[in-house]
């Protein structure tokens, strides 16, 4: 098992979610985590979605990231068909400011959790997937620490820039 | 086809929804519409739920009523697997005052409608099912008019009672 | 009765709702369902609206679709004067992000249901009307299945496109 | 005209609204304003409601107070059939904490105003009716000033009581 | 008293509210109701605002229209210093979509009503003022009926236009 | 100036707010800060309230705490008449779960700040007043550190208790 | 590494959260996952909380579950000091119906994810922790499948019971 | 101590908050209050933030202003490490219209207050800091009165302008 590589399934409910979801993918790339990206709808291609979730573990996936908007059932539906951890990204759509997507994903009933991140929080979805995988894959833990350090240095640089230039 | 009887599938996500859903069933009984009642969860018994929806039309059902709370995916998931009209009842649960259930049901993406009634609005779900069936079954149209008349008389009686007794 | 054609009344509260409502009409056209489109206001032309609803069934309509924004009373007012199923489309207006329209339509009191779809969910209103009519008109059931299949193929095509082009 | 007495129509959508609406009536009594109380539903007795509104002015009414809950259409529907000022009281019902009632009443589209008070704000509805009538009936203006003075003295008394007893 | 002319005070909390408030003024002009327009802030010019309200009746005003945004205290503060009816217009500002303005105006505690209209509902504020004044001034009642008829004809014209041109 | 004692005005809009406000008073007592408690309404005793605020500084007050519910104008109205810091406590009332009180207090327009604490957050209002006074009165800074230490020890004790007893 | 046992840190912001959090602990027990339970406050014992998070990984923890209410900073603060996955449970407190807790936890800015479950969703927090650990510990994957099967059988049993007894 | 100058720490969670926060700084400049501006994140540079707060008083700061968006923990986290008064500015970000930022800041649990201003209310944050400092520094009290007078004159000028030019 030690030669197995971490692998994540990234699923979006609509191709219009891509500009948001792309940030999750960039994180996975940066952490050298293998991934497969899919457009699948809980409502328009329900068989494909449920089939995909049912076989995800056998196909070597260890985490699922699912993004959807409005009455966003996709993450919960996938979670119903797998015991892999499912991370849900609520996509802000044109009405109700993302509250519908958020509540449809985070308020899962007992028994079927979905690990929910912020509305349009795809970058965090990617990082959360890496954190989960780092439980098993030690090299990811190291990279996470470097990433945290890099974020810190970014903030420090911005702090200095504002102090120098702006005031 | 004329000897076919109207038949409705009533599905609730949890047996704790029964006190609310009961009002839908009482309407169906009052209108002499056949029905079958089920506890099925989009998340805990997903195969049963999707299988049920897929076969609902072949099993003679003409309308589906589905009640669920919190991230209430059940009506939408059923709707994904059938072309029968699905009526969704958002159940108010212990947090967020039913807004989560309502948005999870009503904000369905394009292509898969769910006919949503008020939070805990099971009586209206029953009536809406009867109205849909009355498109085909003329005897139900007649009964709906009587029911409307009866509601009117109830209000008129209450109006008189308040005028006489209270003031 | 078998030679009767399905017929839907489409009513919007203001001509400014047309860009949204148009999608419901396109669905009805695509399914070859006859329809009549009207601008009627529950508040500015209340007699016309109530009169229209009262006579809708006698005039051969079998389903009513009504769209309105803000304190959106139109679908509920029409439903008060008919026993036909009424489908309500909440229109997002310039304040409160559509929550006012949604709650004014979906939270109908017991006795007078309105089958509510998502904010600006006109396409689903059209599909829901077709699903209701398909209870009676078998040819619509067939078309609904084809439409569902077509949606599925669309998603599958987008899935392939994203896989090929983007990553 | 000077011998005409001020007269208010008080209408509630359901007899269950009486405990709230009673406070409006008590204000009217205290100000010696004539009133008629009715249970009428915009949805269950729509003809009675619209007829009542249409004839309200001819029947000597000068202001209408209307209370309703959930998708609370009653005040707006009455306002559609009269040019008398209509005061709307949103009634808090069992779900969504009164937000549905409030938005359904206050968010009226242009052309048909409803003077909305707070959720369950029946006392203010009564006072607002008196303030409107006081435009015409001078004796009411005098009483309003006394009422305002009395409220002031009540607060002052409570202020003293708290200062003496509690601390 | 019969030669007295109806007169309305229109007060906005900030000159930035003018584009919205203008619609109230246009209604007053159209109905030939005298008015005075003021910029006054409950918070920045509190003495002027309270003084204005205290003397409003003596200065011949019969209704006050007050518009304000965010924590919109202006209408309530004015109402505290007068027994004239006060109409509140919640102004949508840059955050929270108008909900803050609405709740700050409509949720007045018992004893001090504010007749609240929709967020940015200035036209209705003007009409409501006219309706209140029409209790006393008969010529306004006549004009209100004409205005209602005109609105009706507008809708009917739009209905015909859509039927002819669009479909 | 060094012999001046810190003094806080505590004002509640209604005597029914006392059970909540009491916690602010207990904090002031515990920190040996002088205070005066008042029931004053922005709407029912507006002259008293504005007069009180106008003279608060001359009367030796250095901070004002004001609690109110619903369309909670009291803190903002007081702030309009003084340059002392005003701390606002939104009181949860029977509808809308405190959101109305919160937004009416926190969303103050530019120029007139109100330091807002949580809904029913009276204890924090008291502490915030002490923190403000500690800018000037050094002995309060010392007490604040002790209070913080005490809170810490309380949590540590509860932590141990749960570890020992519960699991 | 293979002899290492899975270990979870369970942290609640207040001992009053225990009745909710207990369900997470019961899940961990049922899955034979080692855990340590703590009462720690992001605000009252910030050093302990940050220290705990900083050392969590070295102390053998692989997942952190953190529960907090109101402005619920605990999960996010812990996440700032570790690269372990942090699961956040929003606790419903006495105002605003849990929306404050939910948004304070789920809306984390980019870089520091918190895996959020439903308001009061402690059981799902426990299950999510197990799912994360199952990426590494195969025996947990097996148990998760049994748990899912058990949930399914529970629903099926309830379905039969309702069918037999109730109707 | 009398020669000590008032000094405020201004901290923003991200450099993107600068356009909003700038208004607080302009107020501090206008009142000749010394300040230091920092970019610090509760989540990305938690050690720096907590260290900064812990030493703020020793470094001569008397008030802290902290701005943050989304799950805005920064003001609360700083408040946990100091007994200085902390003023929180909720920054409106791209989703949920600022409600998340507001609730994450204002709903602080008992013991650790944050003086919260309106969403994006940086100008008021600056003024509130000055009001707090004026408890100790008399010259600021004088300036606050002048500022209040200037705001008043601004409104009066706008009032005249509107009266002259617009109508």
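Before moving on, here are some points about what is shown:
By written order: A, B, C, D, E, F, G and H. Residues from 1 in each chain.
Keep in mind that, in the parts below, a contact is a pair of C-beta atoms (placed from the backbone, for glycine too) under 8 Å apart; a residue touches a chain by one contact, two chains touch by 3 or more.
It should be emphasised that the depicted structure is a prediction, and the values quoted were computed from it without experimental measurement.
Steps from chain C to chain E, taking the shortest chain of touch contacts, total 1. More than half of the residue-numbered contact pairs at C-E reappear in one of the options F-G, F-H or C-D, namely F-G. With centres taken as mean Cα positions, chain H sits 35 Å from chain A.
Work out the mean CA point of chain D and of chain H, and you get 42 Å between them.
Contact of a single residue of chain B with at least two other chains is seen at positions 14, 41, 44, 70-71, 95-97, 99, 102, 106-109, 111-112, 114, 118-119, 148, 151. Chains touching one another form the pairs A-B, A-C, A-G, A-H, B-C, B-D, B-G, C-D, C-E, D-E, D-F, E-F, E-H, F-G, F-H, G-H.
Listing the residues of chain D that touch chain B in their complex gives 14-15, 18, 25, 37-41, 44-45, 48, 70-71, 94-97.
Listed in rising order, the residues of chain B touching chain D in the complex are 92, 97-99, 102, 118-120, 148, 151-152, 154-156, 158-159, 161-163, 166-167. On chain F, the positions that touch chain H within their shared complex are 57, 62-63, 83-85, 87, 102, 106-119, 121, 123-125, 127-128, 131-136, 141, 144-145, 148, 151. Across the complex, chain H meets chain G through its residues 13-14, 41-44, 46, 50, 69-71, 73, 76-77, 79-81, 95-96, 99-100, 103-109, 111-112, 114.
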